[in-house]
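Next up: some structures, all given as structure tokens.
You will see two complexes here that share chain A, one where it goes with chain B and one where it goes with chain C.
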Partner chain A sequence: MNVRSQVSMVFHLDKCIGCHTCSIACKNIWTDRKGAEYMWWNNVETKPGTGFPTAWEDQDKYNGGWACEDGQLRLKSTSKAKTVFNIFHHPNMPTMDDYYEPWTYDYQHLFNAPEGPDQPTAVPISMVTGELINIKSGPNWDDDLGGSPIYAEHDPNLKGLSEEQRQQLFAVERLVFFYLPRICNHCLNPSCVASCPSGALYKRGEDGIVLLDQNRCRAWRACVAACPYKKTFFNWSTGKSEKCILCYPRLETGQAPACFHSCVGRIRYLGVLLYDASRIEEVAKSPAEELVEAQRSIILDPHDPAVAAAARANGIHDSVIESARRSPVYKFVKEWKIALPPHIEFRTLPMLFYVPPMAPVMAAKETGPVKNVSDDLFHDIEEARVPMRFLANLLGAGNEGKVRYALRKQKAVRWYRRALTVGDVSHAQAAEMLAQADCTPEEAEAIYRLTSLCTFDDRFVIPPMHREEAIEMLVDPLEHKQNAGFGFLTGPRRGL
Partner chain B sequence: MNSASTYLDHFFFLALPYVAFFTFFFVTIERYRNRKFTYSSLSSQFLENQQHFWGLVPFHYGILVVITGHIVAFLVPREVLWWNSKPLRLYILESTALVFAILAAVGLVAAMIRRVSVSKLRRVTSPVDWLLFALLLLQILLGIEVSIRYPWGSSWFATSLTPYLWSVAWLSPDLSYVSPLPWHVKFHIINAYLLILLFPFTRLVHILVIPNPYLWRKPQVVRWYRPPMGA
Partner chain C sequence: MRCTWQLRRWPAAAVQGLCLLASAPALFGQEAADFFRQNCISCHTIGGGRLTGPDLKGVSQRAERDWLVRFLVNPQAMIDRGDAYSQKLLQESRGVVMPQISGMNPARAEALVDLIDAESKLEKSQFIGVQITDRPFTAAEVETGRQIFRGERSLKNNGPACLSCHTARNLGGLSGGQLGPDLTRAFERMESRKTLAAWLGAPATPTMAPVFKKHPIDSEEILPIIAFLENQAADGGEDLSAGKLTFLLVGLGGAGLMLVVFDLAWRSRFRSVRKQLVLSSTGRGEE
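Right, the complex of A and B next:
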């Protein structure tokens, strides 16, 4: 057992209102720079929809992630031999057209335009060329276009859906969609790291954050092609790749990342997971339908004294182990099993988990209120307008059972609370539902509290990062103390 | 030989190489130590993907084979001469080199056209890039001309240029090998020194950071501040 700690995340999709506050918080801090205008380290997509960059989930198009063949894991986009030949031109490199060309408006014209018979306008100007631009797409171009035949219909997750199920999703006036906020998943088996010819990408040993060393990046572009979530971005101005850094400067000072902190719907949770690093490869090689369970099995119980001892032996601080015990992510993923990894069939073992959304599932199928009396208490989950198949393609590597389990438990918790507070559901019925959903009243209460009444400190259990100790590894602490507090920062100047 | 041309020979074949190599080593090291961030291939594939293939791939393969040929003739001249002792083998070597040189020229021209024609690319193309393009194109065209006009380059390189280059390397330059060469060849050599001189000030530095460790490193990279005992 090789215990490591990983800062992990849960996004509760049922609570996401699609307001994009997270995206803006991130953009304002990190990507409001030349060359990074088009990047959205955090973005919110409408599902069904094509997302950002367009159809990123379609690995027939982008060749991201890992393939498991003959018991061997290999990158789809590259290999040691291919790197030699693809270094001049990467065949799987997306271009700016797959994202969008960033633009601004010629606002000055509103002030400077000569007097005339009509109102002056601010024309769109490309932020790359500075020339007039005919806008063809932009960030979130398919926002809320759930039923769109141009966008939603091309969602790669629709694969395997019957014609009837598709019609259900796209029925006029009853179309359905939900939101999928995305950041870097800080994977356990990151394909971006494994693909980087320069070794610029790395996983931080202490907290598992995946970072890209700007001084070592040489613009070979392999990470952009290899990340199946398309969460490494190429800065066209500096000639370096960049990615979400999980706001590590904030985490190191005990603050939640900007997108987490600003979340209006309070959908985001952050905490430490302890996992067994010696099993990463074995788990990543699991058969597709077993991947969700396999990834859960690599996450260790921080309450287990043997795990704690092994963690301690591996240099993980007691305070971090204690933080792992209070981790909301551990509860959602491991104890309650209602948070699922996105597209784990890409085999990168993402450490961002999603609680599948109830809202579009539970919404009335017929006109009128949802029936709550039926022989099968969970009938509406099976008859949901978002077909189980769709959610399973997105969050279960095609395994409907995992999604169904998470939805049934969520519904049981709702009905349990309804019996307590509204009273239109009998206690017997609520108890029956809890039993059928593999949930106890105590667990239901805990899920309810962490979902609905969660405070800032409940949602973000940020482990102490102990940077004061990390300093020792770099310089003598006394010398560091004498030098800290004043210095120079140089901007990222592009090479000649 | 008149004194003016002797003076020029001294300048270009005695002084210039040392200036070029000193600058090369001094500035590349200084740049790597102080401005590491600027070491990048500065790829523009993200902005334009189609023409990129038809320019960059032929250029790189072409130039790599041609430069390798020059280095081989520099390092093992005897073996090159032995190889060329059979006419058929000589023809194979010369025609292969010519094909790759033309490949490099075509690729470079395609890359230059791409840089002009795509407006997004003009934004990421500096004046230094254009200077580099011009010198490289000149160098390749001169090389092609020399190889056609003065056959068989692979043999006379080994007998006259290799000794000169080694004499420069051993810090006792012997100009008697280069002075009698035709001006096309001299120009090719001078331009090569210019490219070496400008190397550290251009994007050419990406050649120095070819990521060969990738071929033997483990797929995953973890960096620790405080590595665990077992790691």
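Right, the complex of A and C next:
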């Protein structure tokens, strides 16, 4: 057992209102620089939809992530031999058109326009060419099902849905969508790290944050092609690739990452997980339907004395183990099993988990006003407007059972709380629902509290980073006693 | 380590420098003759008659020694200065200006004048030039010349075939190279077999000289080459453009073929996703 710690995340999709506050917080802190205009380390997508970059989930096109062939894990996008043969042209590189051409507006025109019969307008100007542009795409172009016949209807997660289900999904009176906020998953088996010819990417030992060394990056952009979630970006100005750093400077000072901190719907949870690093390869090679369960099995119980002892032996500080015991992520993922990894079939073992959304009941329009198919407020989840197949493609690697389990448990918790607070549901009925959903009243109460009444400290259990100890491995702090900081930090020299 | 290396090298460098100084007077002898052979005989003879440039036999009786040295060092400058005798020479050679020879300096020019004086006194100078027959060339000789030109028959001293830089008429295939001039009318330009033979004996242009210095054309190969060039000139005309056109077409075809190969090799490459989605969904062929 090789116990390591990982800062992990849970996004509760049932609470996300799609306000993009997280994206803006991230943009303002990290990517409002030259060369980073088109980057969205955090973005929020509408599902069904194709997201950013367009149809990133379609690995037949983008060739990201791992393939498991003959019991071997191989990168789809590159290999040692391919690195040589594709040295002048990487065949799996997304184009700017698949992200979008960043633009701003000619605001000065509002003030400087000569007097005329019309109100002056601020016309869009490309941030690449500086010319006027006809905007054809944006970072959230298919927001709220915008342009559905082009985008949402080509959502790769619709694979396996019957023609009837597809039509219902996009029938005018039955439209349904939910939001999917995305950041770097800080995977256990990151394909970006594996693909880098320069060894610039690394997974931080103490907390599992995947980082990109700006001094070692040589602009191969292999990570951009290899990441199936398309969460590494190339900065054309510095000539280096960049990615979400999980706001590690904030984490190290005990603050939640900016997107977590600013989340209006309080959908985000952060905490430490202990896992068994010696089993990563074995787990990543599991058959697709078993991947969700296999990844859960790699996460260890921090309350187990044997695990704690092994963690301590591996240099994990007692305070981190203590933090893992209070981790909300551990509860959602391992105890309650209601948070699921996105597209784990890419086999990178993402460490960001999503609680699947409870979609409203299917409605049908007959003659007259819209009629609900079911009169139950907490209806049968099988009748939900978002087909189970769709959610399973997104969050269960095709395994509907895992999604159904998570949704049934959430539904049972609602019935249970309804019985307690409103009283139009009998306690016996609620108890039966809980039993069917593999849930106890105590667990239901805990889920309810962490979902609805969660405070800042409940949501973000940030482990002490012990940077003062980690830094001692590299430099002697006493040498810099009289200085401010640890000397000069130089910016990357390459690039434009 | 680096320091000791430098120290060890110093005495060697000093010895080399001394040797160079000591060898300077030896220019009068063999070195001057070698220099003359490499640089002068393509245009001049000593007692063999006029080629492109005048016969140099007894040149010091025709001009001052001081004038000769200055002319050798920089012929163009003398002509530009309006020197009368230089102008006369220029007329005699129909406008061909003697090139400035690389490595020429006053000391070397003195040595050359001494060499010419010495050779002029001999009954038969070693620089009398090639004596070449006047009889008409046979078809076999012309054919041999063609083979040498095309590189089918390699030069005895491993020199490159004419074809690599020059073209001529009816060479077949992709015709010859375009780096050097078209040699179809070379015989007319050089005027006589003798001039051409002298040229081939030691090609003196900046491009050809370094190439053929170490791989001279053998005297037995010169005759067939002249035969071939004379035959070319006799037929008149320049290289037909058929070869150039074929070359262009083969080049375009080859480039096209390579693009097809690249497209097949990277057939599963990433192509734009969004644009295709838009185009296929709208079906209007526009965004």
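Assume the second predicted complex is superposed on the first by the 461 of 496 C-alpha atoms of A that agree within 3 Å, B and C clash if a C-alpha of one lies under 4 Å from a C-alpha of the other, contacts with A are read in each partner's own complex, and residues count from 1 in each chain.
Simple rule for what comes next: contacts are C-beta pairs under 8 Å (C-beta built on N, C-alpha and C of every residue); 3 or more make two chains touch, one makes a residue touch a chain.
Here the structure is a predicted model, which means the values were calculated and not measured.
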Which of chain B and chain C A:Ala288 touches, first, second, both or neither: neither
Partner chain in contact with A:Thr95 - chain B first, chain C second, else both or neither: both
Partner chain(s) touched by A:Pro53 [first = chain B, second = chain C, both, neither]: second
First, second, both or neither for A:Leu175, with chain B first and chain C second: neither
Touching partner for A:Gly239 - first (chain B), second (chain C), both, neither: first
Partner touching more residues of chain A, whether chain B or chain C: B
Which of chain B and chain C A:Val128 touches, first, second, both or neither: first
Partner chain(s) touched by A:Pro149 [first = chain B, second = chain C, both, neither]: second
Chain B versus chain C as contact partner of A:Arg218, first or second or both or neither: first
First (chain B), second (chain C), both or neither touched by A:Lys61: second
Chain C-contacting residues of chain A that also contact chain B: 89, 93-95
Complex contacts: residues of chain A adjacent to chain B: 2, 80, 83-84, 87-90, 93-96, 101, 128-131, 189-190, 193-194, 196-199, 201-206, 214-221, 224, 234, 236-240, 280, 313-315, 469-470, 472-474, 492-496
Touching residues on chain B, where the partner in the complex is chain A: 35-49, 52-53, 56-57, 59-61, 119-120, 122-124, 126, 128-129, 201-203, 205-206, 209-211, 213-215, 217, 219-231
Residue ranges of chain C in contact with chain A within the complex: 266, 268-275, 277-278, 281-282, 287
Residues of chain A touching chain C in the complex: 50, 53-55, 58, 61-63, 89, 91-95, 97-98, 136-137, 149-151, 153-154, 225
